[in-house]
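Heads up, the next two complexes both have subunit A, just with different partners, subunit B and then subunit C.
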Partner chain A sequence: MLFTLAAASLIRHRARTVLAILGVSVSAAMLLDMVMLSSGMRVSFGSLLTSQGYQLRLAPKGTLPFDTEATIKDGDAMVSQLLARPEVVAVSPVFGGQLYILTAHGVIASSALGVIPAVEADYELSSGRQPATANEMVANDALLAATGASLGDTVHVGSGFDSQLRTLTGERTLRIVGRARFIYMAREQKGAALPIETLRAMQGRDADGRVSLAMVRLVPGQDIESERAALERLFPRVTVISIAEALKQVDERRSYFTQLAVILGAVSLVVGFLLVTTLVTVSVNERIGEIAVMRAIGVHRWRIVAQIVLEASAMMLVASPVGLVLGLVTARYLNSILANFPGMPERIDFFYFQPSAAWTSLGLLALSGVLAGIYPSWRSASLPIAITLRQEAVG
Partner chain B sequence: MSAMLEVRALVREYPMGDERVAALRGVTFDVDDGDYAAIVGPSGCGKSTLLNLLGVIDRPTSGTVAIGGERVDQLSDGRATEFRLRRIGFVFQRFYLMQALSARENIELPLAEAGLGKVARRDRARALLDYVGLGAREGHRPSQLSGGEQQRVAIARALANSPKIVLADEPTGELDARTGAEMIALFERLNADGTTIVVVTHDEDLARAARRMIHMRDGVIVGDERAR
Partner chain C sequence: MSFAALCLALAIAQSQDSTRHIAIDERLAADAHLHLGDRVSLSATPGESGSVATIGAIVRRSADPAEIARGEYKVRLHLTQLQDLLGYGDRVDRFAVATTSEQVIGSAAERINSAAFGFRAHRSRDIAVQTSATFAVVSRFHRAIGVITIAASAIFLLCIMLLKVDERRRDVAALRLMGISARTIVRGVVLEAAGIAVFGSVVGVGVGLATSWLVNLHYQGVYRTPLRFSIVTTDIMLGAVALSLVLGIVAGWLAARRLVHTPPLALFGR
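Coming up: the complex of A and B.
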């Protein structure tokens, strides 16, 4: 009977119910987006860091990986020492630099990573293969498009470019053997990877043995934080960053996003709450007489409250999945815009869908639906019956 | 015969600005079990106020009301609701049926509230619709029924939980003469079947049909006569 009355009441004013559901859906979509935004970047970055299985990153003291052009002197020795530790399974050293490629239209500059292809963790191959010799490289789509080169082509490159003489320094001829998707590079950023020794050789003697970053994979079950502390003691000239530490850094940098998301999320929740409260209040005011009659014939107050709360909750429940879909579509669109954020890795998602985010949003909405129904229903069910009936009869 | 309704020195005052206006000024009377009483009097004499107090939807300023030997004038909201549900049947001038529900569902409403199972309340609602002559109209909504039919459904709803007493406030007030006469006959049949009825009315025909007529004026009883 409770369901019949609640459903009948919603169906009686179809247009209003549909509009209310649409309104709440928009509010739900915004709430979901804000919940996704508040934690999305962190989760996305965390999954990016863990995706290749390296738990620790060693960078020059006081820097974050590739934040500066600083490198670690005697990097190869450090890598050997790391590999000698029983706690360590693998080490992937990376040496960063620039690559300049001469084309018919001029010089194209690109980021370059010197890696050991067998243990690299900076890119994924979408076609082709890893460099197998010193004169092979992989490139991403942006670089291939800019140079007009294809897999199998040979390109003339340098590690430096004299703009006055318009000549390359540290020249090499490399063959492109793979198409790569760099994990930490921005969407439009041109990128290439080649054997670490090749890149160092191109940069000259100063680059010998240097690394910009070393990624460390630990034995499964190893205490990451204690190993991190041990490595910092062992290598006082480097900063050892665990994923947890990196995420902490991300948290600091994305605090503006979090604040924005929390404020806008709260606003959308309040808007949804007020919308439902207003609609329920209007609906209840139209039925004051009906409610007074129900009370007069012996329907308990809580039953009337339950019926109206059920109506409000039903609107929320119908609106929630609509809002969920709308929120996901909106998030996808916004993500595609924000993916072009300067310097942001292409694979970072600002709006990262997690089931928990959806449940949080739906839970908050359901709760606000219940709360939205309680006040107007309790107020109407508490009106003096005799006076209300008299006013209804006169009205 | 035992008293179904015992009213003693009933006073009901309403605040009106700084003053208090008395709608009832010390009303005392009894209604026997199985009796049929009509309360008559000019508008504003306190009839409806009295009916509200008898129906436990209002509280007196002072005085007492007992129904079936149980004091009902100071019940808590929850107990008053329970009492109305199980012991009192209300019939209103404007029928006040739930527009979203069918005739049968309107009757089922107090039955569901009383905790009756789905099948049992459906059977009971159908029996009551048959009793008021609307067995074939159970699926119709109030908007599909005439005024007289709606009032019959309202009476069936009032009888749903087999109340001790039925209280009716101008039950023929919205009906034409012919339908009003049908309603009077229905009330007579109801009373003949053992239901105690108290009706507030301006309708002389309805009042004459009652066994007893209580006259009110200015918040007090000024006459009390047995019709036959």
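Coming up: the complex of A and C.
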């Protein structure tokens, strides 16, 4: 009975109901997008950091990994000390630099990572294999496309320029043995990885023993924070960053998007709420006489409140799935816009769908639907029956 | 002078004569409690003894959008001073060339590039476009969000107009029975809708200006920059009013048209 009356009331004003559902759908879509945006980049970046199983990162003091060109002196000694610790399972040192590749059309510049292939955690091989000897390297699609090279080809590379002699410095001939996807590099960025010793040797004696970053994998169950503090005490010239700390830094940098998401999400919710409240209030005002009659024939006040709240909730609930689908489509579009941020790692998503985001949006909408119905329904159900009936009869 | 990202360690030095002067940004001065005339030790690697310099100037951060997301401090040194500090020899990252006129920029860049090895000449305008790519993305994002907001506002406005006109079913029925034409009624409703839309958008512009002021106040404080994050221009205001007017008129017209097509007696509920 309750459902029938609520449905009848909604169907009686079709245009109004359809518009309300449409309006709430757009609000729901916006709300879902903003819930996804508020946590998306954090979750996406967090999963990126944890995917390779390294819990701590050591960078030059006061810097984030690869945020500056600074390097850690005596990095090899530091790696040996780290490996000697019983809490540490593996250490992956990385040395960053530039690679210049001579082609028939000129010189192509690329980012280069010097790694120990057995423990590296900066790229995933999509084909080929890891470098096994000093004169082998892997490259990403952007670099292979720019150079026109394929797996198995050899390339002539250098680590710098000698402008006066018009030659490359640190020259080597390397063979491309693998195609890689670099986890932290931007989509358009050209990248290569080669054995750390090769890249250091190309850069000259100043690079001996230096590392730009060292990633540390701990024994399972090890307290990460206490080990982080212990390593900072042990190595005063480095900053030890745990995943939690890295995410905190990400939070600071993406604060603009978080604030935008909170503001727009709140506005969407308020707009949806106001829309439904307005419609329900008008609808209830039109039916004051009908409600008074129901009360007069003995329908309980709470039943009337329940019917009107049900109407408001029904509008919200019908609109929510439409809004969620619309939200996913718009999130995809908005994500494709933000994916063009210069320097943004390819695998970072600003809008990251999690079931919890959908449930949060749905819950908020359902709650606002209930709240939107409570006031007008309570007001109408509380009107004096006799006076209302008389006023309605007189007109 | 050259810019250096502050991976340099700074520590207050005790004594040194005839030191060179450096300029630091005001955020660094505030955070490290440094003042003009203070002596600091600069080194390229944390913990190493470096060269001592005197703070000769404290500079305000420029209103450069490319810098706001980066939290690092900046120190300006004499070129040779930084080259010595970093062991760079006479290497430079970039240098700027002033041409005699704008017309020769292209040919000058071409001549440099034809002779260059290991470096490349770019027009300043091209570099500006490249470095503002981040903001082009943000701008596109804002535009997309704006379209969604406009869609939601349009539906909201249509709903409100529908209700507003619906509330006057009896008035409209009476007018129709008195012989007032449907056209006149529609015009009246549309005029009313336009009036509401203009009034609403003027209030909206006021709210927008106030919000813009608050946004600038907040983010200039957060990022410690003189950059203006939100600018409400005359074009934006006129655009908002025009859009609101069009939406109001369309919503009013649709709602009124629906009402005048209903028989007057039906509007009376008979």
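Here is the rule we go by: the second predicted complex is superposed on the first by the 389 of 395 C-alpha atoms of A that agree within 3 Å, B and C clash if a C-alpha of one lies under 4 Å from a C-alpha of the other, contacts with A are read in each partner's own complex, and residues count from 1 in each chain.
Everything below uses one rule, namely that a residue touches a chain if its C-beta (ideal position, glycine included) is under 8 Å from a C-beta of that chain, and two chains touch if they have at least 3 such contacts.
Just so it is clear, the model here is predicted, and its values are computed rather than measured.
Trainee: Judging by the criteria at the top, classify the pair subunit B and subunit C on subunit A as clash or fit.
Mentor: After superposition on subunit A, subunit B vs subunit C: fit, no clash.
Trainee: Quick one: name whichever of subunit B and subunit C touches more residues of subunit A.
Mentor: C
Trainee: Is A:Glu124 in contact with subunit B, with subunit C, with both, or with neither (first, second, both, neither)?
Mentor: After superposition on chain A, A:Glu124 lies in contact with neither partner.
Trainee: Is A:Leu389 touching anything from subunit B or subunit C once the two structures are fitted on A? First, second, both or neither.
Mentor: After superposition on chain A, A:Leu389 lies in contact with subunit B alone.
Trainee: Please compute the subunit B to subunit A to subunit C angle from C-alpha centroids in the superposed arrangement, rounded to the nearest 10 degrees.
Mentor: The three centres form an angle at subunit A of 90 degrees.
Trainee: Quick one: classify A:Asp223 as touching subunit B (first), subunit C (second), both or neither.
Mentor: A:Asp223: touches no partner chain.
Trainee: Is A:Ala8 in contact with subunit B, with subunit C, with both, or with neither (first, second, both, neither)?
Mentor: first
Trainee: First (subunit B), second (subunit C), both or neither: which does A:Asp251 touch?
Mentor: In the superposition, A:Asp251 contacts neither subunit B nor subunit C.
Trainee: Tell me, in angstrom, the smallest C-alpha to C-alpha distance between subunit B and subunit C in the overlaid model?
Mentor: Least C-alpha distance after superposition: 11 Å.
Trainee: Between subunit B and subunit C, which residues of subunit A are contacted by each of them?
Mentor: none
Trainee: In the complex, go through subunit A and note every residue touching subunit B.
Mentor: Residue positions touching the partner: 1, 4-5, 8-9, 11-12, 289-290, 293-301, 303, 384-386, 389-390, 392-393.
Trainee: Considering the complex alone, what residue numbers of subunit B touch subunit A?
Mentor: Within the complex, subunit B contacts subunit A at residues 48-49, 52, 55, 57-58, 77-78, 81-86, 88, 90, 92-94, 96, 98-101, 105, 108-110, 112-114, 157-158, 161.
Trainee: Within the complex, which stretch of subunit C touches subunit A?
Mentor: Residues 5-7, 9, 44-47, 69, 71-72, 87, 116-119, 133-134, 137, 140-141, 144-145, 148-149, 151-152, 155-156, 158-160, 162-163, 166-167, 219, 222, 258 of subunit C touch subunit A in their complex.
Trainee: Residues of subunit A touching subunit C in their complex?
Mentor: Against subunit C, subunit A makes touches at 15-16, 19-20, 22-23, 26-27, 29-30, 60-63, 67-70, 73, 107, 160-163, 166, 206, 236-237, 252-253, 255-256, 264, 268, 271, 274-275, 278-279, 282, 330, 333-334, 337-338, 340-342.
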